[in-house]
Amino acid sequence: MPSGRGRSRGLKLAVIGGGSSYTPELVDGVIRRAEELPVRHIALVDIPEGGEKLDIIAGLTRRMTERAGLDIEVTAGFDRESAISGADFVITQFRVGGLAARAQDERIPLKYNVIGQETTGPGGFAKALRTIPVAIDIARDVERLAPDAWIINFTNPAGIVTEAITRHTSARCIGLCNVPMSMQRMIAAGLGVDPRSVKVDFVGLNHLSWARRVSVNGVDVTRAVLSHELVRREFDFQHVAGTAGARSARTTGAIGGGGGDRGNDAGGGGGPYGTQGHSAARDAAHTPGLLDALGMIPSYYLRYYYFHNILVEEEKRQIQEGRGTRADQVMAIEKELFKRYADPGLSEKPAELSLRGGAWYSEAALACMSAIYNDRDEVHVLNVPSRGAVPDLPDDAVVETNCLVNGTGAHPVAQGPLPDSIRGLVQHVKAYERLTVEAAVRGDRDIAYLALLSHPLMPDACTARSLLQDILRANARYLPSFAKASRDT
Amino acid sequence: MPSGRGRSRGLKLAVIGGGSSYTPELVDGVIRRAEELPVRHIALVDIPEGGEKLDIIAGLTRRMTERAGLDIEVTAGFDRESAISGADFVITQFRVGGLAARAQDERIPLKYNVIGQETTGPGGFAKALRTIPVAIDIARDVERLAPDAWIINFTNPAGIVTEAITRHTSARCIGLCNVPMSMQRMIAAGLGVDPRSVKVDFVGLNHLSWARRVSVNGVDVTRAVLSHELVRREFDFQHVAGTAGARSARTTGAIGGGGGDRGNDAGGGGGPYGTQGHSAARDAAHTPGLLDALGMIPSYYLRYYYFHNILVEEEKRQIQEGRGTRADQVMAIEKELFKRYADPGLSEKPAELSLRGGAWYSEAALACMSAIYNDRDEVHVLNVPSRGAVPDLPDDAVVETNCLVNGTGAHPVAQGPLPDSIRGLVQHVKAYERLTVEAAVRGDRDIAYLALLSHPLMPDACTARSLLQDILRANARYLPSFAKASRDT
Amino acid sequence: MPSGRGRSRGLKLAVIGGGSSYTPELVDGVIRRAEELPVRHIALVDIPEGGEKLDIIAGLTRRMTERAGLDIEVTAGFDRESAISGADFVITQFRVGGLAARAQDERIPLKYNVIGQETTGPGGFAKALRTIPVAIDIARDVERLAPDAWIINFTNPAGIVTEAITRHTSARCIGLCNVPMSMQRMIAAGLGVDPRSVKVDFVGLNHLSWARRVSVNGVDVTRAVLSHELVRREFDFQHVAGTAGARSARTTGAIGGGGGDRGNDAGGGGGPYGTQGHSAARDAAHTPGLLDALGMIPSYYLRYYYFHNILVEEEKRQIQEGRGTRADQVMAIEKELFKRYADPGLSEKPAELSLRGGAWYSEAALACMSAIYNDRDEVHVLNVPSRGAVPDLPDDAVVETNCLVNGTGAHPVAQGPLPDSIRGLVQHVKAYERLTVEAAVRGDRDIAYLALLSHPLMPDACTARSLLQDILRANARYLPSFAKASRDT
Amino acid sequence: MPSGRGRSRGLKLAVIGGGSSYTPELVDGVIRRAEELPVRHIALVDIPEGGEKLDIIAGLTRRMTERAGLDIEVTAGFDRESAISGADFVITQFRVGGLAARAQDERIPLKYNVIGQETTGPGGFAKALRTIPVAIDIARDVERLAPDAWIINFTNPAGIVTEAITRHTSARCIGLCNVPMSMQRMIAAGLGVDPRSVKVDFVGLNHLSWARRVSVNGVDVTRAVLSHELVRREFDFQHVAGTAGARSARTTGAIGGGGGDRGNDAGGGGGPYGTQGHSAARDAAHTPGLLDALGMIPSYYLRYYYFHNILVEEEKRQIQEGRGTRADQVMAIEKELFKRYADPGLSEKPAELSLRGGAWYSEAALACMSAIYNDRDEVHVLNVPSRGAVPDLPDDAVVETNCLVNGTGAHPVAQGPLPDSIRGLVQHVKAYERLTVEAAVRGDRDIAYLALLSHPLMPDACTARSLLQDILRANARYLPSFAKASRDT
């Protein structure tokens, strides 16, 4: 429980980026958990540019809570400090630069045949540079105005942003991603068992994690899951590369996928890499051996490592064919969504929201907050400082792994040394992440260059340099501390 | 769940050292948890020297389960292999050399003004040398005959024995001690709150652990507990040293105490250091400062470090006054207990058992087994390999800390680096423990010498040498691999 | 000193791969150091397929030592055991599969647009699989027949092979590469100072190391070296990519280059990436920023990481233009060399040998052996187990760094934690190396797959899989333990 | 070389605590090394209370350098800043509170049957509290006024003081002790070989180190040294405990001894534990087993751990018999020494200085400075941050081990993990040291209490508390930041 207060007078939630299209999902979760999590105040806050959206969301939020018969105060505005003051939970789901910036993040790397992705690779790097200074500002407000509050951070890249906050402020912060819960639910569905009987042990970093063990009622079924058709299909080269035939047979929501997460959804119900075939891949062998050799189930985003070149080709073709990147698609979806949200007759989460991606986002967030508030000893997969949980990384490195969650916070379960098969990649990406945090905090071009260079997907130093120049130029207005970057070096 | 079998046909428990006076406590726990833990077979096994006791216990066990209306097969005998075959849980509570060996362990060190204690110091070292080879033999049987079973080890020194098993065999083994649960219950009683609302975070080694945080319903109350009268009294020098007046006012079962654990109880209801005054201590200042400076609640056995010399004096006076050591007292208690147990009219755990010590032992054991069997995500304080949980120790070092317990075992929660205030002592004792395991496994005198020398309570090398000679001589019949030790070096 | 013997009766050197074209270089070094290193016996050993070459080398060796007036017994044959028996130093410079296998190593990866290089990437991986089982066999002979001898390993990939030996045998082994000494000499030349006044601190792995500090007479001149024209040119994109004009102006032997090492020379005097222009690179910006940002001087082989794609293009063009790979060129050079060697009139190292690459190889080897034999406290850059020297890696991981060399061996100087800018890459490559060792030792395809997949230059899992299949097929006769690999999986 | 200046114009040495009786030894060393270490200025600085001594020393220094025909400017005064300005080496050999404070340090612990020793145990703790704030002030001056200078710290406890400086300032600092060089020379003498042929590998902390390997001309002779009479005698219980007969036969300067170091000499030529018999020890067995079991040669000060109780008795008897503690003896020696120093006819180091202790101090200091100035790659045993050299300790923990010394400083050689037999003790003492540094820097009583409590020689918390009170009271005038300590807690 963030403080004794909440217990007696009900909880205050501050939502930074309250005008997001995801907010109704979150509100829906609040309503469903009303008995165990007595929210009395939802304070939505956004920036003036998002004022119109914020109004729409605030209206819908009020109609939803009223229809549910709940006595929840809903406020909305641009004053972050008053929203944070006295909050019990501060939910961060903002997006610096909006979807337009994301569209750039997705496009710029493709020019160099590097994946253009919201969180993985140079796209995530650009997003981190824009986001970290703002996230730290928010955390400083929390330190001051609500020191017992928990920041529940969804803002992507969630692991890097959480590490920036936990290493540079004293605010209490937990990073949250919907991928682990999505995988757990999909595995349960694939096995045809009650999700409550399925435990999945994850280890790694955000968007770079592996399920090392799956058990059903305590019985280890990892090998069975590894050879399950759903898992195979996700990591089948032919599937990844796609052929028209293969694709059409594909069911959405396969294990490990099921859409991306809030603020960084990788592709909603449809998957991030289009639906059409790819002739170049036709002769390629499939790679069932990968899963057998690993003995672990890679999470969805690991495709950007394991199938990098193929996905680059897919992305490029998708753009060529006029389908745009995921950001483009999301912009269209959002436009429709906000039309629906604005309907005064609407007082429930509309079905169309599921197209937006972020499955299980609200469930993951509310479950975590409830476990804290009610001091339950529950297990959730979260992003927190390692403290030895992954002994191959520094103790203050944020990792994504199973955590014991109760009233004193989220405590990672010790994982032991990583197997060689994934250790190098995890350590490499973590080095990139730490350099990225440092570059963002200091506004230092040299460190930013070293960060990009340290990314395992970077083909070489020349590409890193060009990409850095492009990224700094394209994002100049969001990177005041890199002002000097406008000069060509 | 140790195996799929248990679920359908009920569980088999093998109890090594089944003739122990504690067994009725354990059986009582089985009866109380019958609904959640469907035991179908209790296989008691002991050595021929304990045959008579074993018969008495088996009879009482049968009367108890019958009275409870449970259909549980109770077998008893000397054939360890058949008892272990097909077991789901193997509970180890044997005592090599019996209480007579313990009495020696308690007396020998006092000759050198070193504490004589069942688990701490040279007494625990002697017990470890006798116990480890047998424990490893048992674990090898489990590897072979019940590879999916969990060994629940109570045999002391529980941490060292568990480390010997986990480092030298592939058997699944969890070490268990009743001290953490006793402390948690006493804190709850002291605070006057429901024990279920109290969470205590422990870190350290078995019988060398500290409660770093106490929370009630998620609210941190550590400072309040540290200044609570019960805790203060336990770590008040005047109390420890005792005066007749101070002692008479003492309530038993203070925080951190409440008796020792099974196979290594430190003093039952009465405390290990007698009830009479000690003139030399009369002028000494009390040490409330210790608790304030530490900011943690030391567990009961840390007195042997924090108040070593005073307790040595107490032990010596106790012997001088004819009260004997704890082993002597326990022998008398056991004699009476077995008389009671043999009564055919007795079909319940007798009240006198509480004098034996080991409060909460059965509760701790059954709760742990139930959490495994039912694949619950519960938190118990157990002894398991660190795997990074305590990053100041090797990954394979067994630590005592909060663990997440479910169907796949007991997983320690990452604790982060230890504070300087306890790190040195923990690392020092761990080095002693590792040398002790190695000495016992190899039967190597030189390593045994280095082990004793590495114990922080050892005043010097000469004492260590004399103590080693005394210990090896006194235990020669239990240390065949040290046979060469009979020659004086 | 490997043994007391050497001192009184002179030293015995066993040279495994004695028929190598490099041997005259080594013999030249022995002659130059005759006073400080009293060699009495050179035992050349090779395999029957190399019998003819071995005879030629043995003859030249005898003529050289005679001309120098030294009383050194020169033996040559196929009996490895008798060569190793009683040796003081065992120099390993063999090449399993010869240059023909190397030519394959260089070509196969290019098919997938991955660098084809003798030691870096899939080429080095293939060489490691062929070499490790033989290297371990040799080390087992040394354990048995010359337990006090030092193995001086030049066989590439030198770091991986040395790690295989040190982790899987108890033989004393030091890995040696000529790159660090070449860089040190080139820096001295570039600065125009006496090489004896120049100290360079290296850290990393073999062929993946950085010079972190350069001092002249104790004064730190690192920044000056980083901005020196020679260094700049080596890491100037335009230079790497080359234009006819730029190339023609290039002096050979620039800092960080100067040819490769024995058994893995990267290109002798000519550099590995040809001498002709490359139109695609014409517009690319140069990257002086890399050196400034790093603040360290990358060693030569880091180009395969920092300029990967460009060098792949160069390699492919070179083949297309009929110039072949480096192996092809070396084969031609060797043919000429052996013609010269066979000349009974030749009794000195011929000048043409310098074309072969491996500058400073003999100097580095002899200096190291002399420092051991004479128990000098000298500093050499060698490949040895880390033992904490690079705390970011396991203690038994072989690293390439400054070592104190004296009669008890080569002791790495502690380097402290690596900077983030290189740590991730080093850890990633080390994970690849460890998997490679394990795959080679066990003959395990799955681990081999994970090894390739863990290489940072691998674009994706599909490429790794195809490459593995190609490599296992092409090397089947050298990989008996992978026999099962012949079946297509 | 600390700076380019020194090379052209000669070196400036600042000596803090210039009025020490040791200074003539240091000056003698400067004269002997005049050719390789061109000193042009010796700036002696002391506090006004030591003004008279300073004048005497300055006079003698001038006479000594003149007689040697060297053109060295000698200045003396109380202005630390001007002495440090432009210095190349800053030698710290001051003693806060003088020998009177030392006498207290030696006596206070004995009251509690804890060793009273200048550097080990509570005596060293008290000295550290007095010294650290001053040492850090000096280092801050060096940061500002001579940023390229090296502080060569002899002030005891040398390891703790060096750690305080290196962790709390950016000054370059090397801690130096004469014990390792003394041991190396004594071993050479014992073996009857040229000291230049003898290499000794040390590992541990200052005054808590072990010689792990001794080699002569590269041949490992450790076992021979371990069984050598000289070493045996030092670690023979009978000898340590002493009998009149045994003592009279003792030669001074045995291996591992040879007197203490400057500012913390443990007993000059006579040994710290008197020369008379000790009846209680008569029957005790000797402990040759200790050396065999360890396989290492403990340094002199480890007796305070390995023979603690015996040495406490010796100390107490010595005082009882009116011989005083070592400080009392040194005060008498110094009185005589300064009489000699003041003699205008004296222009050489007088023979009587050898009684003062600190053998090899000047040699060790000058050799280290010369290796730095001349950029030699020499090996010296020094106190520097570990940086992974001892992986069982934090990277910034100061350790005492073999270092490569050249123009860029002193670089510890990686030692690998410590053996279990010493690891616990080293880690325990290091935890004490870190708490001591923190207590001194912050002036925090609670941390000071935890520091004492964390010392392995502390029998219990009550003793720690009483000792702390006594120490804080006795040293109140030297501990302004502990001012609050004057209140009894």
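A few notes on this one:
Going by the order they are written in, the chains are A, B, C and D; count residues from 1 in each one.
What we mean here is this: contacts are C-beta pairs under 8 Å (C-beta built on N, C-alpha and C of every residue); 3 or more make two chains touch, one makes a residue touch a chain.
Just so you know, these numbers come straight off a predicted model, no measurement behind them.
Shared contact partners of chain A and chain C are absent; no chain touches both. Farthest from chain B, judged by the mean position of CA atoms in each chain, is C. Chain A and chain B have Cα centroids separated by 45 Å. Chain C has its Cα centroid 56 Å from the Cα centroid of chain B. Within chain D, no positions touching two or more other chains are listed.
Viewed as a network of touching protein chains, the structure reduces to one closed ring of chains, two contacts apiece.
Inter-chain contacts occur between A-B, A-C, B-D, C-D.
Across the interface of their complex, chain C is touched by residues 237, 284-285, 287, 289-290, 292-294, 305-310, 420-421, 423-425, 427-432, 434-435, 438, 446-447, 449-450, 453-454, 456, 459-463, 465-466, 489 of chain A. Chain C makes touch with chain D in their complex at residues 1, 4, 7, 197, 199, 201, 213, 215, 217-220, 372-375, 377-379, 386-391, 395, 402, 404, 406-408, 411-417.
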